[in-house]
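Chain nomenclature is as follows: A, B, C, D, E and F, assigned in order of appearance, with residue numbering initiated at 1 for each chain independently.
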Amino acid sequence: MPLIIKDEYPEVLFREDGKRLDGREKNELRPIKMEVGVIKNADGSAYLEWGDNKIFAAVYGPREVHPHHLAKPDRGILRVFYRMATFSVFDRKRPAPGRREKEISMIISDCIEPILFLELYPGTSFEVFIEVINADGGTRCASTTVAALALADAGIPMKSLVSAVAVGKIDGKIVVDLSGIEDKAGEADLPCAITWYNKEISLLQFDGDMDLNEMSEFLDLAKDALGRIHQIQLEVLKSKFLTIQEKSDEIIVNKENQGES
Amino acid sequence: MMDVKRVISKIEKNYIINNLRKQERIDGRGLWDYRKFKIQSDIISSAEGSADVSLGETRIITGLKYEVGEPFPDLPNEGVCTVMAELLPLASPLFERGPPDEQSIELARVVDRGIRHADCVQTKKLCIKENEAVYILFVDMYVINYDGNLIDAGGISALTTLISAHIPEGKIENGNLEWTGKYFTGESIVNELPIVITYGKIGDIVFLDPNLPEELVCDGRISISVTEDKITSIQKSGAATFSIDELKMLGDKSLEIGKKLRKDLNLWQYKAKYK
Amino acid sequence: MPLIIKDEYPEVLFREDGKRLDGREKNELRPIKMEVGVIKNADGSAYLEWGDNKIFAAVYGPREVHPHHLAKPDRGILRVFYRMATFSVFDRKRPAPGRREKEISMIISDCIEPILFLELYPGTSFEVFIEVINADGGTRCASTTVAALALADAGIPMKSLVSAVAVGKIDGKIVVDLSGIEDKAGEADLPCAITWYNKEISLLQFDGDMDLNEMSEFLDLAKDALGRIHQIQLEVLKSKFLTIQEKSDEIIVNKENQGES
Amino acid sequence: MMDVKRVISKIEKNYIINNLRKQERIDGRGLWDYRKFKIQSDIISSAEGSADVSLGETRIITGLKYEVGEPFPDLPNEGVCTVMAELLPLASPLFERGPPDEQSIELARVVDRGIRHADCVQTKKLCIKENEAVYILFVDMYVINYDGNLIDAGGISALTTLISAHIPEGKIENGNLEWTGKYFTGESIVNELPIVITYGKIGDIVFLDPNLPEELVCDGRISISVTEDKITSIQKSGAATFSIDELKMLGDKSLEIGKKLRKDLNLWQYKAKYK
Amino acid sequence: MMDVKRVISKIEKNYIINNLRKQERIDGRGLWDYRKFKIQSDIISSAEGSADVSLGETRIITGLKYEVGEPFPDLPNEGVCTVMAELLPLASPLFERGPPDEQSIELARVVDRGIRHADCVQTKKLCIKENEAVYILFVDMYVINYDGNLIDAGGISALTTLISAHIPEGKIENGNLEWTGKYFTGESIVNELPIVITYGKIGDIVFLDPNLPEELVCDGRISISVTEDKITSIQKSGAATFSIDELKMLGDKSLEIGKKLRKDLNLWQYKAKYK
Amino acid sequence: MPLIIKDEYPEVLFREDGKRLDGREKNELRPIKMEVGVIKNADGSAYLEWGDNKIFAAVYGPREVHPHHLAKPDRGILRVFYRMATFSVFDRKRPAPGRREKEISMIISDCIEPILFLELYPGTSFEVFIEVINADGGTRCASTTVAALALADAGIPMKSLVSAVAVGKIDGKIVVDLSGIEDKAGEADLPCAITWYNKEISLLQFDGDMDLNEMSEFLDLAKDALGRIHQIQLEVLKSKFLTIQEKSDEIIVNKENQGES
């Protein structure tokens, strides 16, 4: 006997003023905030808020492979574990990882692998742990984006960052960055990612329906949005290195002061 | 991608790639050719629908079973159709015993999404009585021999199985579920026939329907489901990346190939004769 | 709330003309068809239709043992995995292997082991995978019979074949090769197998009741039926080797032709 | 058979076999002798029936619990009796922790089939109200020390447990299940007493009730369940084969041994005193 | 205790111990000082209550979800509150993937017992209709960074989560469960605030709130839950032993520290604003 | 639909004569019986009846560690597996080990470890298996007590025995050795154990509420009771060694007799 408070979908997804229910324009992203170095124990980590998504990513590696037989003599391996907290969704998720989580883990791993130089790390592994503590649509894209940042935070050599976003169709109109409600009530959903070193699509899924023209439109819209997400990632990293720079400056200053005293 | 790439030697890998560069494939096909499909339906007497589909030497046997259960509270008049896949260790030394691994989850999920999102299965037809009783269909795929491209073979296998369905018709009579003596068939459940089409990519070469050696050496794959004139589902897998132009080209190709395949296979011929 | 279409049992198992419901005489086998080499990836394989049973068997080995600690320094090991497809029975079977499947796997393994020369293969394993895709009574016997054929197809040295069949009692009468319906509605069921190299019983189970006279009758009837099954197995293998022979002949002929050209 | 044959040295193995050839056994028994049975019943106050059975040094403690549930739709007026076995790692260095392995499944299944098929448990007596409520009995066997031949010890243990049963009698009153205050006992549930008798085979020598060293070196075993004058269940295990004449001889032997054991053990003495 | 003691070198271990002998700790605290608590509440919009609690660098995020179910037959008018803990491998190289291990079971159980036995959660308030419908609360803790003393951080995290609860109020209307449109909040569920306080022991030195290096080298720990004036729960873990005088001293200390912490943290400030 | 025979709790836990429901005084233990050497296959074993608790304990070790990676180069490891039989409690327990069993295993292991010299056994393991076949309150204490005896029976060097008991509060009064019914219906429960070599508390849990005075009272009462339990343990071991002594005497006597004959 479930309590009758439904995770209900609205009948229309646009307001009378033509804006989306959360006030956004069609090609407008939800607010995005990222931070690196949030998990002290990890080799690299990042935290992201994207709309109501709240996601941690932590990277451990290169390190010994467990279990041993998974190690490859000629290259490192990448393992991504995407998980959702039980309370991150409307109906409590069961604690054990489900098929969906395994599938998304694989999707993200496939998306990130091209940016790494795994051939430089034979016999080792990189583990990327992603924990969604609040989900609001587009978690696989948000997770990919924050995972790339955690890898960069770990100082692992990368060809480039990767950025991800979902475009979709709601009430017949093509929009960028579907919110949770738009995802569920909408007609089509195309999560995708770009690896910036070659500007190619590295994650691509689609469910819904589109003709070839719409497909073009989807991809063009995504590319534009991905550029903006990339900028945010770069700024977070830049400010991290500035901070580090400032700290080293301080140290130098302090030393000089000590020298003087 | 699978963890077994190492089983292919470097020499063999170079041989496959060099041939592909010349637009030649080790089994003699062109880049955009499918291997031969062989389809049989209604081969399992204990199932309410079944298919035995071969794509080259890849072979998948699929069966349909049903249960009657309560609908989900938010979809009180819709039945459910679930897809499962087992990569039997009988089918290849590459498959291991144990719980479903990533590859079998991927096969099941891609086939499932192809069916779920393309207006293929009419889940509202699977309702016996609103809020009380609906059919839950299980489309279970068993890989009998593995020679690459499980997804396209699985897609056709699942579709044929659904088309061949013959499910006892129940009704609620005085609070009890009883059999009317009639069946309802794939014809009334299945609407669209979404065809899933998979391409491999090695370096910058893309090609249709990878066989096993190609699958083992390729960088990645992309599977595109199409109806008559729409793309309904896409899944990229493996570490390949695709340029936007490539994707548009593949969208176009898929509609063309889908059209041809839909005609050649003529899947409606497999509909059940039960009444 | 299960749909009221029952897997019902008939009240009598003989027709008015004294024949069984499917038209067979008491000592008549259901139609049997076998084929070898059906699974290209396997070292040996076979497919069998026996009444409405449809069963694949594949053999891999001798090969490295996984996991390693199961390997035996002085002999090879045999592992049989009998499984039923979810749709092979009236009520959908759960996908995970159950106790019954594990028990039957052991029974078949114990039955087949005597025909092999495991002591010649120290440190290795033979795996026999059996998949029942349609079940109609007597699957353990049919599986044993088709597994023996798959082993022969793999070219593994064997002392002899093994053949299996169930005899039983229905409506008080002793019959051979119980069908699914006879198995469920009958009073006694005696699956058994003979290893032909020593003509001894290598698989034997029984459930029901029998006195000593009936036991004799069961075993004599089984022996006779097993002889006929053995013949079918031998013919399938013979025709395989004839085919191979013909193919080599062709090759020789072709070579000769080439030589001439 | 178990995977532990290697723990017995070749010397010991030859010693056991050579003795058997001379119709002698390492513990001094003849080929057709049982070790001593020791039986105690109703030893577990939290169980609705229990037994502590030793056969030589092999010891099994068994308890009965019940639940009330719905009957299977096709057997609306029959209860259910299930048998489970645990080979506790406490009982032997040969037993490992973890989910039930082949040996414990075999023990449970052979004992279960012995009970199920010989008109032993009167499942119709386990019905509280047709279509609504039946008893589900759980006969759970725990191996406390392992010295060979678990099956015969387990069979006697399960029978004694069922005979000692004392289950609260329920009835449906206004749609609720209530306790009448009385018990129904093993006397009313158990009809036949099928005795399961196990033989080992080494080379061409067959012998009764293998102890642990014999079990570790033997080629295989056969277990035969008998009532007063019928064979009700057979299970061959291990890689031994038996000639048809041997089987007929063992059938005969089993009826004879079963008769004697039934008399010697006098299991009905263990019936519950509850009312 | 954990199986990872070996990760700390002997030198480091001696350094920690020698400092403790001098009543000094590697992070500069005194023996009876807590690290700094940082608390945020109601941070998860998809949860019906949540908290983000740091104790030094140890950080735990906790969320509350609910379901409506039938009560246990012997407690027909009481809801249920369960506690789960996951030691995410994201939080430390010492944590492994897989099902809950001893350490996460201990964390969940100690926090759960602290809540369950101290008249903290008013389970009778979680009843919607006697015998029919009660709330089942899930308090799920996720460790985000691990720097020792998960139990005290988890305890505060669980309490804050419960205090911040805002659960839709249901009522039974004509046999259906419906939402009244109102919420009931932590204020009406939570009564007592039991504070759990953990000490480490090395040799004969006892100290409050072990950080990670201390936890890795210590012989054992003891966790004591206290209300204003009572001890409500104790759990000793690890291979340390405690003299009776030490225990009495720690009981006394705990009441004192609990009083201070309760005042400093002022947890009621985190109560939900929903109505 | 559960049958309405409840595991009901009485309203009062003391009789009119001031004694507890089972006739005991407040500081009186239930009857305790112990025996060693009950499981022939084990390196050491013991059986205990304590009230209606019936518990077996068996020790295997020092032996090779399975799986290998758990072995420690500098010391032996101790592993305790506390399990309850399905029929040991009022409602049938599920066969698979639950969280409670894992927690109690850890508690007992932590309690026993101090009495062992694990540093003398690098690379090996000691396994203690405990099986509760009838439970009646205080099983963790009874299990600890019988496990200590099994370790002694195995001849493993120990600093001392350990003894355990639960004290508690029922109807507002402090009593020793809670029975099953007192445990469930009572207000507080404090299981504890003493390692005799240092007379310190090695197992301690508490649930309920107590002020500091009550805590003192609990611990003092426990200490007194633990002394009595220790005596019983010692007597069981003494009688074991006497028995062995007698047997060797017999052998000597027999030899002498033989010498004479």
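For this structure, a couple of remarks:
By definition in this document, a residue touches a chain if its C-beta (ideal position, glycine included) is under 8 Å from a C-beta of that chain, and two chains touch if they have at least 3 such contacts.
What you see is a predicted model; the values in this text were computed from it and never measured.
Contact with both subunit B and subunit C is made by no chain of the assembly.
Listed by label, the chains touching subunit C and subunit D alike form an empty list.
Number of steps on the shortest path from subunit C to subunit E, with steps defined by chain touch: 3. Compared with subunit B, the chain whose C-alpha mean position is the greatest distance off is F.
Rotation angle, subunit C onto subunit F, C-alpha superposition: 120 degrees, expressed as a multiple of 5. Rounded to a whole number, the gap between the C-alpha centres of subunit A and subunit D is 59 angstrom.
For the pair subunit A and subunit E, the distance between mean C-alpha positions equals 31 Å.
Subunit A and subunit C have CA centres that are 53 Å apart.
Across the assembly, subunit C contributes residues 2 that each touch 2 or more other chains.
Chains in contact form a single ring whose order, set by starting at subunit A and proceeding to subunit B, is A, B, C, D, F, E.
Those residues of subunit A that touch subunit E in the complex are listed here as 1-5, 39-42, 45, 52, 54, 56-58, 60, 63, 66, 81, 83, 85-90, 92, 95-96, 127, 129-131, 133-136. Taken in their complex, subunit B has these residues touching subunit C: 43-47, 50, 57, 61, 63-69, 84, 86, 88-93, 96-97, 99, 132-133, 138, 140, 142, 144-147, 168, 170, 176-179.
Every residue of subunit A that touches subunit B in the complex is listed here, in rising order: 2, 6-7, 70, 72, 74, 99, 102-103, 106-107, 110, 113-114, 190, 195, 198-212, 215-216, 219-220, 223.
Per the touch definition, subunit D reaches subunit C in the complex via residues 1, 3, 6, 73-74, 100, 102, 105-106, 108-109, 113, 116-118, 220, 222, 227, 229-244, 247-248, 251-252, 255.
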